[in-house]
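What follows is a structure written as structure tokens; I'll ask about it next.
For clarity, chains are labelled A, B, C, D, E and F in written order, and residue numbers in each chain start from 1.
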Amino acid sequence: MEPADTAWILAAFALVLLMFPGLAMLYGGMLNGRNVLNMVLMVLSSLAVTAVVYVAVGHGMVLGESVGGAGIIGNPFEFSFFSTMMEDDGSGGPLWAAFYILFAGISVALVASGAAGRMKFGAWLVFVAVWVLLVYAPLGHWVFAFSDEETGVIGGWMRNRLGLHDFAGGTAIHLNAGAAGLALALVLGRRRAGVSRPHNLPLMLVGVALLCTGWMGFNGATAGGANFLAQYVTLTSLLALAGGMLGFITIERFRDGHATMLGLGTGAIAGLVGITPVADAVGPVGALMVGFVAASAAAWAITWKRRHRIDDALDVFAIHGIAGITGSLFAVFFANAAAPAGISGIVFGGGFDLLWREGIALLVTMVYSFAMTYAIAWTMNKIVPIRVSAEDEEIGLDRSVHAETAYEGRTF
Amino acid sequence: MKLITAVIKPIRVETVSKELEKAGFSGLSVSEIQGRGAQAGRTEYYRGQAFAVEFRTKMCIELLVDENDVDKAIDVIVAAARTGDDGEIGDGKVWVTPVERVVRVRTGELDEAAI
Amino acid sequence: MKLITAVIKPIRVETVSKELEKAGFSGLSVSEIQGRGAQAGRTEYYRGQAFAVEFRTKMCIELLVDENDVDKAIDVIVAAARTGDDGEIGDGKVWVTPVERVVRVRTGELDEAAI
Amino acid sequence: MKLITAVIKPIRVETVSKELEKAGFSGLSVSEIQGRGAQAGRTEYYRGQAFAVEFRTKMCIELLVDENDVDKAIDVIVAAARTGDDGEIGDGKVWVTPVERVVRVRTGELDEAAI
Amino acid sequence: MEPADTAWILAAFALVLLMFPGLAMLYGGMLNGRNVLNMVLMVLSSLAVTAVVYVAVGHGMVLGESVGGAGIIGNPFEFSFFSTMMEDDGSGGPLWAAFYILFAGISVALVASGAAGRMKFGAWLVFVAVWVLLVYAPLGHWVFAFSDEETGVIGGWMRNRLGLHDFAGGTAIHLNAGAAGLALALVLGRRRAGVSRPHNLPLMLVGVALLCTGWMGFNGATAGGANFLAQYVTLTSLLALAGGMLGFITIERFRDGHATMLGLGTGAIAGLVGITPVADAVGPVGALMVGFVAASAAAWAITWKRRHRIDDALDVFAIHGIAGITGSLFAVFFANAAAPAGISGIVFGGGFDLLWREGIALLVTMVYSFAMTYAIAWTMNKIVPIRVSAEDEEIGLDRSVHAETAYEGRTF
Amino acid sequence: MEPADTAWILAAFALVLLMFPGLAMLYGGMLNGRNVLNMVLMVLSSLAVTAVVYVAVGHGMVLGESVGGAGIIGNPFEFSFFSTMMEDDGSGGPLWAAFYILFAGISVALVASGAAGRMKFGAWLVFVAVWVLLVYAPLGHWVFAFSDEETGVIGGWMRNRLGLHDFAGGTAIHLNAGAAGLALALVLGRRRAGVSRPHNLPLMLVGVALLCTGWMGFNGATAGGANFLAQYVTLTSLLALAGGMLGFITIERFRDGHATMLGLGTGAIAGLVGITPVADAVGPVGALMVGFVAASAAAWAITWKRRHRIDDALDVFAIHGIAGITGSLFAVFFANAAAPAGISGIVFGGGFDLLWREGIALLVTMVYSFAMTYAIAWTMNKIVPIRVSAEDEEIGLDRSVHAETAYEGRTF
């Protein structure tokens, strides 16, 4: 790893680390004032538990050589206890390992939204470990493990056999988290008290700020170093962020009559979700449009979901699922061959194979993630109920589960 | 005229307010208070230090009513505010105080007309 | 002695308080409440979901006065709290309740002397 | 029955509440209010701009008591709420209003039994 | 662009991005609780609209070759739709483009302060687009477009003909925003409810934190890469930040009797404004003093302005205008020839030409920005009134314009 | 200094700068709502005053050649007024100078916790200057000034004669601040109103977020550049952070019955304190364990301290003292020779000399810092009382000392 690349990835690492508290504040601020701290604990503990799992076997399962060359799962023991990280072999091992822990951690942290205000904290900690092993690890392997012809190492099937284009984890991270959040919400059932207004939108704003800034590190570091690709995806990410803000408030303006701050922030995130898989494949104008349509799609999906009364409290499926799918499909049609990825969208003369390759990847990701997460949560729930008691829920999880309250003098 | 004051559980404010409206009491005022009583307090922990939080959050509803409506209003409130099957400790209290005069700011109307 | 309670629009608290002071009522207590009445609620939108917010924020002023000052105090409040040209819906209400005893904590003075 | 209302300094709420409990008054309600009176306000500065803050934060304690307990309760409150050596300006006031009826939501018990 | 330079600019980009939510929180926290979200929407939408304008014609107008070689405005179509950004020509095109979007966006975001709590949101969006084109773009061209003798490309007149020294945009960004904010405030007129206390100073603190940190990226990246100049301006920026904090609270202590947190934070920003144009031209002790006097001047200007009852609610003119002028003038007199810029201040034997060159630049910037902004706002207001109704203002813009409130249970 | 190293240190500088507002929010959020702004002022003014002291003589006292070759204190005038920072001698002078200002500033900022809610602000400003000169500067010299055999320059005794291993300032910064905070708390005496509940835990969360992210810059930059060591300590810091979160909530769960958000955040910090001196000396699993045991030790120490009724309001001794000692001792026993520092812990066959060397360093640091801080505060208090009046304390320092309140409409 060149020093300049190291310099950028070190900085990007710190930026991505900000996404955890950022997500905690975004989600916490959107809930009522009695379940803020619980949400923060869920999000931050995701990182802690993931780190442990990763050091043990997770990193190998994602980036290790495919077991049996099948492209299904990496060798769990390839990096066991990270002993290979201690010597400098020039590959940047420890830094990338740290980085991949954040990738996995943020995925499961997003899933927490499906459990907002009603899951036992102990059950959540167990869920995180199991989910990283059974859901994230295979999906991560499929998408992040590149085969290497020279050394003969075989990686994940989606990336290498199916030939999926996914720049920074639109499938393994965002669509995955979206589907899983939905599944968890379904197993848990709806909140008793019903939906409540966000209790602190400025807190949500701080969260959005940290999340979006971290995203620049997330996408930029996926370029692998301080290179032209990193420059390019920084530009497209910024443009998608801008387009996303405009897209969401445009829909709001015409549907509800008002542009809102929550909408603007939501749009920023949806725009970034949309660009994540295709940041290297669209042109600058395309990036603005990816942001705009992804955020519009998310805005539409939120309303649609509400009508079906699924209590995905924080809309992870709409924002990370639907916006991600929209971004991917946009690129299938409008990818710009002049962009670094060099792919022509169907509209610009590209082959239709792009469509079915992306289609299969999206579908498999969604189905696998949803079904497996549902199975995990359902099974855990059979063994010991994972939902808190009605009384605890009424009191609010901050107080009933964690014996603390977010604000002095405001006990709600 | 009378002023009915009801201290109830926060979770019941919406129900009480809706039921009162159905019963024809369209106006009322609500505020948050901290109450102590038979219901036990709780303990919170901050860095391992226990803080006894004796007070529980309650909502206080105030309702000006005509003399004749007092019984009806109380019945509605008590029915709507009760939680659990036969009421739970901490469900709260309702009390009535005499009011000598009421004025509506907008019109200057007095008493019954002002409620 | 009497207790005058006035529920008024937040924007008028300063004026009412100043006018009362001018009229010689130097002490009073204010708190925030949520009110429902003839004045319509409003709708807020969060990620496209409409929340009906029935309650409007009002301020509640409480004022202990001598029997003889009741009329004067009410007049001052009503005049100062009215908004628009002839008052608007939601301007609030003022009511009077009897008080049997007042004690000043500092001195232990009673009744009129304590106000 | 009577309702005792006490406006006191925030720093004294805990003491008053504890003393009342010792004296056998286990239930009460507390809320925060802003008070104006003899006690001077203060000035705050934001980027050099002075804001006169006339109001002082006080706590308002409400206590339903049996007729016979009124004197005792007032004595306890006054003694516990007084600050400094002989009380300080702003220590607050206590007043008593008549209550005609009390109902316990949980049981429907009435009056003395409901307090 | 060298990889190491890319590494630093990528990181700096993310830091500067933090300035947007930072500014939103600083301004939002200082307003009352009924206009917070509106302010956030104004600040963040500035970035979104600017991005669109920039991709279309803005970037060319600022950095393109001067139309007719006049040094007045760049060629709008030179970078149209950013199609030139897609290939790696070694110049770091996409990254700098992204960076310049932030520069333009933050300038107009600062102007939002002049409209606090009383402008229609739709009108604001239009204003942003027009202002970036008519006010920022020419000023940016004058200051940021360097002529290139080799290629014969001709840049802006201020920088190249007048020979202005302005390290990181003291004129085109801060003084410009200060004058424009004042003009907008004058067209809109004073707030009906009068001035109110800041509703949430901890929120303002978060804003100051993000803003100041972003500023290190802002000044540091203006050095063009990971070089000695970047190191040097990082040091001087830190020292000016420190001096600014001390300067403002010193004035407060002697004028009002108390040092305040709002004052400390304001001083930090004023100190950074002061150093921005001269970070490469003063010595370390000079940097401390720039911060101190710039913040003191801002503190004085705030009081002076209040006396004239101009409702520049958030003091953008005092903090970004006066502090900026003070910093520039300080350098005219006390520039240290040993600093990277190699300029001698008048006191140290430098020529008086520095004074009139800076003087002209400051004056022209201020007059142009003020007059043009006034004209834009005045004209817009004639077509459709840009101020909200008295009733909406009384209710607060969060609720009346955006149908949401910042805090649950606190509707103020 | 290589450009790539510059790139990373520039970014790291900005990250570390975040630690100041981060600490201010962490501490402010944990106090009651009447002393928030005072705490913020104390923390941020620490940086301002330290900068001035540093430019004058501080930098020389820490990093200058040892006066008389004694290893006790550096030559105060070696860098006076930073005039040597203006030329590029390739050593990265101005950047490192800026960086060291932050190191010193954050140390004294931590000490502010010992004065929470009861110290005069003017007295605090004086205390900062004196403390940096008399306590931080010698300790910093002992630990940070390396001798250079080639040039014959002689550095601090702890590092060079005693042979202390301390990666990023566990002694000079954290243990020092812990002991000093305790001393200051003792001189000031306990708060009159007693301990209160944290008034705003989400604010504390923002603080923890900024602090932990900054820490990555802190530890990463101590590696000196964008090298393997920086990569490695980034990984171990992340793992210690994770271990710290788990450690603290595990103790809480078993001691109090509930995991809390305050505990999780506290654990994250304690974990980072633990790893700071040994980030280059333990393996990845060791880093997880360092975090876990350091946070557990801090959790235990907090309770122990409470029983002794010392009003170290924000637990700086437990978190920065005890956790730091625990981390250091862990490495004495379990240092992994394969890690970059190449030290074998006693358990893995290392010599017992490690133990007494660390032991002496920890003891001397603690005793010197405690005694000297006590002496300074005691002396200052004799000259003019440094504690605010009982009335000011009752009203709260925000209002009585700074004439402002943190939240509108909430005056507590």
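Going forward, a residue touches a chain if its C-beta (ideal position, glycine included) is under 8 Å from a C-beta of that chain, and two chains touch if they have at least 3 such contacts.
These numbers were taken from a predicted model, which means no experiment stands behind them.
Participant: Going only through chains that touch each other, how many steps at minimum separate chain B from chain E?
Facilitator: 2
Participant: Quickly list, by label, the chains bordering both chain A and chain E.
Facilitator: A chain counts here if it touches both chain A and chain E, which gives C, F.
Participant: Over half shared numbers or under half: where do the identical copies chain C and chain D land at their interface, same or different?
Facilitator: Different residues, largely: of all residue numbers at this interface, under half are found in both copies.
Participant: Determine, among A-B, D-F or B-F, the equivalent of interface A-C; equivalence here requires over half of the contact pairs to be the same by residue number.
Facilitator: That interface is repeated by B-F.
Participant: Roughly how far is chain C from chain E, going centre to centre by Cα mean, in whole Å?
Facilitator: Using C-alpha averages as centres, the distance is 45 Å.
Participant: I'd like the Å distance between the centres of chain A and chain D, where a centre is the mean of that chain's Cα atoms.
Facilitator: Computed value for the inter-centroid distance: 52 Å.
Participant: Determine the centre-to-centre distance between chain B and chain C, using the mean Cα coordinates as centres, and give it in whole Å.
Facilitator: Chain centres of chain B and chain C, defined by C-alpha means, are spaced 19 Å apart.
Participant: At least two other chains touched by the same residue of chain C: list those residues.
Facilitator: Within chain C, residues 31-32, 34, 44-46, 97-98 contact more than one other chain.
Participant: Could you pull out the residues of chain F that touch at least 2 other chains?
Facilitator: 2-4, 7-8, 11, 197-198, 200, 206, 226, 256, 258, 260, 262, 403-405, 409, 412
Participant: Run through the chains and report each pair that touches.
Facilitator: A-B, A-C, A-E, A-F, B-C, B-D, B-F, C-D, C-E, D-E, D-F, E-F
Participant: For the complex, which residues does chain B have touching chain D?
Facilitator: Interface residues on the chain B side: 2, 6-8, 31-38, 54-55, 58, 60, 70, 74, 77-78, 81-82, 86-98.
Participant: So in the complex, which bits of chain F are touching chain B?
Facilitator: 30, 195, 197-198, 251-252, 255-256, 258, 260, 262-263, 266, 299, 302-303, 306, 315
Participant: State the interface residues of chain C toward chain A in the complex, per the touch definition above.
Facilitator: Within the complex, chain C contacts chain A at residues 44-51.
Participant: For chain A, which residues are in contact with chain E within the complex?
Facilitator: 2-5, 7-8, 11-12, 15, 32-33, 196-202, 205-206, 208-209, 212-213, 216-217, 220, 225-228, 230-232, 234-235, 238-239, 241-243, 245-246, 249, 256-262, 264-265, 268, 283-285, 288, 336, 338-340, 410, 412
Participant: Could you pull out which chain E residues touch chain A in their complex?
Facilitator: Touching chain A: residues 1-4, 6-8, 10-11, 13-14, 17-18, 20-22, 24-25, 28-29, 36-38, 40-41, 44-45, 47-52, 55, 81-83, 85-88, 92-95, 97-98, 101-102, 121, 200, 203, 206, 210, 226, 398, 401-409 of chain E.
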